[in-house]
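Chain IDs A, B, C and D follow the sequence of writing; residue 1 opens each chain.
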Amino acid sequence: MVMKTKSGLIDMSCNFFDAKLPSPVFTASGCAASGKELSQFMDLTTIGGIVTKSVMLEARAGRATPRMSETPSGMLNGIGLQGPGIDAFLETDLTWLNEKKIATVVSIAGNTVEEFSKLAFKLKNRSDILAIEVNISCPNVENRNKVFACNPVTAQEAIKAVKKHISDIPLLAKLSPDVTDIVEIADASIKAGANGLSLINTLLGMVIDTKTFKPVLSGGTGGLSGPAIRPVAVRVIHQVRAAFEDIFILGSGGLRTGSDGLEFIAAGANALSLGTIIFNDPTSPVRIHNEMAEHLTALNKTSLAQVRNMAHD
Amino acid sequence: MPIQHQASVISNTRTGAYQLLTLTAGEIPKEFKPGQFVTLAIDGLSSGLILRRAFSIYQAQDRGVYGGTIDLVVAAHGEGTKWITQLKRDDSVNIVGPLGKPFSIPKDAVSCVLIGGGYGAAPLFRLAEALRSRGCRVDFILGAQNSEKLFGILEARRLGHNVLITTQDGSSGHQGLVTDVLPDLIAKADSQVIYSCGPMPMLQAITKIAQAHQIYSFTAVEEAMACGIGVCMTCVLPVIGDDGVTRMVRSCVEGPTFKGERVRWDEVGTIPPDTYGAGNQ
Amino acid sequence: MVMKTKSGLIDMSCNFFDAKLPSPVFTASGCAASGKELSQFMDLTTIGGIVTKSVMLEARAGRATPRMSETPSGMLNGIGLQGPGIDAFLETDLTWLNEKKIATVVSIAGNTVEEFSKLAFKLKNRSDILAIEVNISCPNVENRNKVFACNPVTAQEAIKAVKKHISDIPLLAKLSPDVTDIVEIADASIKAGANGLSLINTLLGMVIDTKTFKPVLSGGTGGLSGPAIRPVAVRVIHQVRAAFEDIFILGSGGLRTGSDGLEFIAAGANALSLGTIIFNDPTSPVRIHNEMAEHLTALNKTSLAQVRNMAHD
Amino acid sequence: MPIQHQASVISNTRTGAYQLLTLTAGEIPKEFKPGQFVTLAIDGLSSGLILRRAFSIYQAQDRGVYGGTIDLVVAAHGEGTKWITQLKRDDSVNIVGPLGKPFSIPKDAVSCVLIGGGYGAAPLFRLAEALRSRGCRVDFILGAQNSEKLFGILEARRLGHNVLITTQDGSSGHQGLVTDVLPDLIAKADSQVIYSCGPMPMLQAITKIAQAHQIYSFTAVEEAMACGIGVCMTCVLPVIGDDGVTRMVRSCVEGPTFKGERVRWDEVGTIPPDTYGAGNQ
């Protein structure tokens, strides 16, 4: 777990609940599918692991195209959670990930509390999952009121529905930055049984085509991601870390370089997940891991842990 | 297997309305098959454009003074392609490829029509070579808005039996669309397979003609892509599978080449109600 | 008010309550000071006008430096409302603006409801102000709970305190996107007497220095602005316009080109205010006005009004 | 009056650790006075870097084959200056200038020391010319970390009476800081005014020495700027006014040149409690 850089040795390992991983770098949900395609570019066992695309109970076709629009230093997406449904996912995707020994966080998304409960039931007692990420913050739902993470009560209900069935696997609640008080939502999620938080999901945005003057995305609005949103992610992580000293935080939102990763760690993240940058640079998980190591050894650090929470006094 | 390569620009020259861009490409040419594409990142870490741009591979050389190289035909469209068309010799650009499913190539020596709309002609020449090496007869139809936007006529003449030209403004060849001259050519050449690349309406119209003549149609589509490698699900279109079920299929990894009759052209941009998973929105 | 472009004639005029202005383009609060510096680059009477830097009751030194950090396609600022105080502002800055006949929206900011009331009293019955923008959304206050626009009750109180003294001058409430439900805050502001809304102020963000691992800005957090946030601004304007058919909206957030301006207009903005882009291109107000005119005539439009609200069906 | 100009790169050549960048500058040279600066926008509309970068004007020619031109001395620092140092001939770059308050120039023919730290020497040569045309004696001290980072030695020799060199690593001249050699020079040259440009600690130390010798010190500071034209309030530092009151003053329009003793050097980066408006935070 100690790696060698130009300037010295550094311990880049990451304590992920009971697991010790060689790197804090994960791929973010929806940005690496289930790992197969990316594994053509790198050995996914050398990074922290992958967070799979949020899977729903049933197969789902997702939204009509256009599903994306490039924005300044970012992009807007409205995929609409296209996917095979949990059963096919477990049978095919997770089996492949396990065969390849890739550490896997399974992301689940439900339309209702009951769906979250059913999804959790399917994952009960599995020993081949590193953690479950509960996506209660997907902006691409038909109705803003359906975003569980926009309200402490609904956030709590969704997490509780999952927790009911899950005892041994760590639960991460993935939260939305589009709230007045993120600490309140974090608190509700933790009280409902979340062992950690994934911060942040995309920001709700819109792009309008100036030939037709209609929204570009078929769904009207979509989720804004990429470097553009990084300062919001850093602020949210910092804010939540200041409120909860011990909670595990998986940070995401605009990571592009190793230096960005260190911003997140200093703000309070325990691990990182890379989204949009993977589209720009498919080998970025390895690059960012290495850039962090080089950056830290150049500053005479000997472990990543030394900078965690450093932005707090 | 796709490869990520930090390429250097060998040359970037004007050809009609396009730029012909030659890049070092490392091992990419070794992996390349006709119909595949590469993606280019725009600028370095300070760029505000974070998505890669996709381009059909026009030529791919295994080895030469620069090692492997590829040629692309680039039309300036928005900010990203403007940046690409302004690349200068020795500039650096990050490429990923070869990507996507290549064109299917018939086992037998059949008669083929290759139809390119504008820069859509780019992937057809290496395809023509592959077909000819199988003993296939190859005819070309190259169409565009105007003569400036026609690409590859000379090379088509070198590789093709017949080469028909159409332009919408009549500045070269037949005034009109590629589909105006296709039926006659099929009859004359006894074509068995049509390969096409160009705008969606052209691909759709060609597929209709192919179906009417009961011959094969292979199309290379162009859908907006965020990743190009199959991980983001932005580039989907409704395609009927071998099992008869329509799925929203990624054009970057399960395409860009599709059997024409499998694509539900009329419903591109929608989720047809009978699509797999459409009931659970 | 009808101008000539390469492709034809176009009416670019903007109905700003009772006023008819030659352009919908304003400079945004805090991004053009009080107009003097920018007037070296262009004639400010040819655009809509300027929104002055938010002025407080007393002179204020603002925050310590560093006050800014560049971010991907944007910037973070924590100026802390440095300014001369309302009396000096009225005497010096507003006098100059009036002399030059520059249409002026005066932005005011208070720490307390009482301060808003006192500020409003100073502006009572002035006929030389186009409108008053009530900045209830400055993120650079010591305490998040002090952002009036984060809560419908406090938003209402602040606007009411101003409205009490102001009858003839239109009031714009400047709102923050950092809320769970922007429509709720807009509604509260309108009920309290706001005649229009300024959407959006900056997003709360943070940048951490990866040499020191401390926040770059002296205040820790700051406001994120620039093209990075444009999709959020378009979404907020669209959302608020969908809820309130007739409310006047002054749109801001990441405007860079004429095409961007038209996105805002199609989303529902009545007028536009340019912030960060002025730092990049001091003549952008004129450029963007002209780009909009060219863009519209190329699409055979004859007036800007034709595209307003077009993104709604 | 500052002017915005779409400049072309005339040349961009290496000089020690820096790039010497010559740009067309329209009417900017006509308006220019020594000590002023220009700002450059980074790239076009697709750039992710939206803030301009500030550079002292090193040379400004009113007229020539290219009309007005300016020369800048650019150190590669972060992404923005990296982009600038890689500009090629005929590339286009948007400039605004001349900006800021020029150096004050004494009415009388007094003896002056001009001190430049690294690229901070850039604005001093046109200043030296202006001083010499008033009959002033000019001495130079050029200091840097190492000899690579010294700028303008030859030109200083042409314009200056004495030219002292210091480097921190001893690779050229005296090993140490400019302030090591300053007191002796003041004594020898009977200097009345010191002009300096370079890192803040250097400016502060020079001002202390000037005060000890009861001579004038004019400094050109470098504060991070978002706009450069006085509209954003990011570039402030605590400066004592003629009325004795400290204000947070914009270094882009009320500076970058300040009388050394007016800047509250120890408190740069803070709001001193007695600053105007500090009580109302």
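Note that in this section contacts are C-beta pairs under 8 Å (C-beta built on N, C-alpha and C of every residue); 3 or more make two chains touch, one makes a residue touch a chain.
Bear in mind that the values here come from a model prediction, so they are computed numbers and not experimental data.
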Starting at chain B, figure out the least number of steps needed to reach chain D through touching chains. 1
Inter-centroid spacing, chain C versus chain B (mean Cα positions, whole Å): 46
Per the C-alpha means, the centres of chain A and chain B lie apart by a whole-Å value of 35
For chain B, residue numbers touching 2 or more other chains are 45, 48-49
Which residue numbers or ranges of chain C touch two or more of the other chains? 72-74, 226-227, 256
Which label fits the chain touch graph of this model best, line, ring, star, complete or other? complete
Residues of chain D touching chain B in the complex: 42-49, 79-80, 83, 88
Across the complex, what residues on chain A touch chain B? 30-33, 37-38, 40-41, 53, 56-68, 70, 72-75, 77, 79-80, 82-85, 142, 218, 226-227, 256-257, 276-283
In the complex with chain C, residue positions of chain A that touch it: 71-74, 76, 150-151, 178-181, 203-208, 210-211, 213-215, 220-221, 224, 226-232, 234-235, 238, 254, 256, 259, 262-263, 266-267, 295, 299, 307, 310-311, 313
Name, in rising order, each residue of chain D that touches chain C in their complex. 1-2, 4, 41, 45, 48-52, 94, 96, 223-224, 226-237, 247-248, 253, 268-271, 275-281
Seen from chain C, its contact residues with chain B in the complex are 72-73, 227
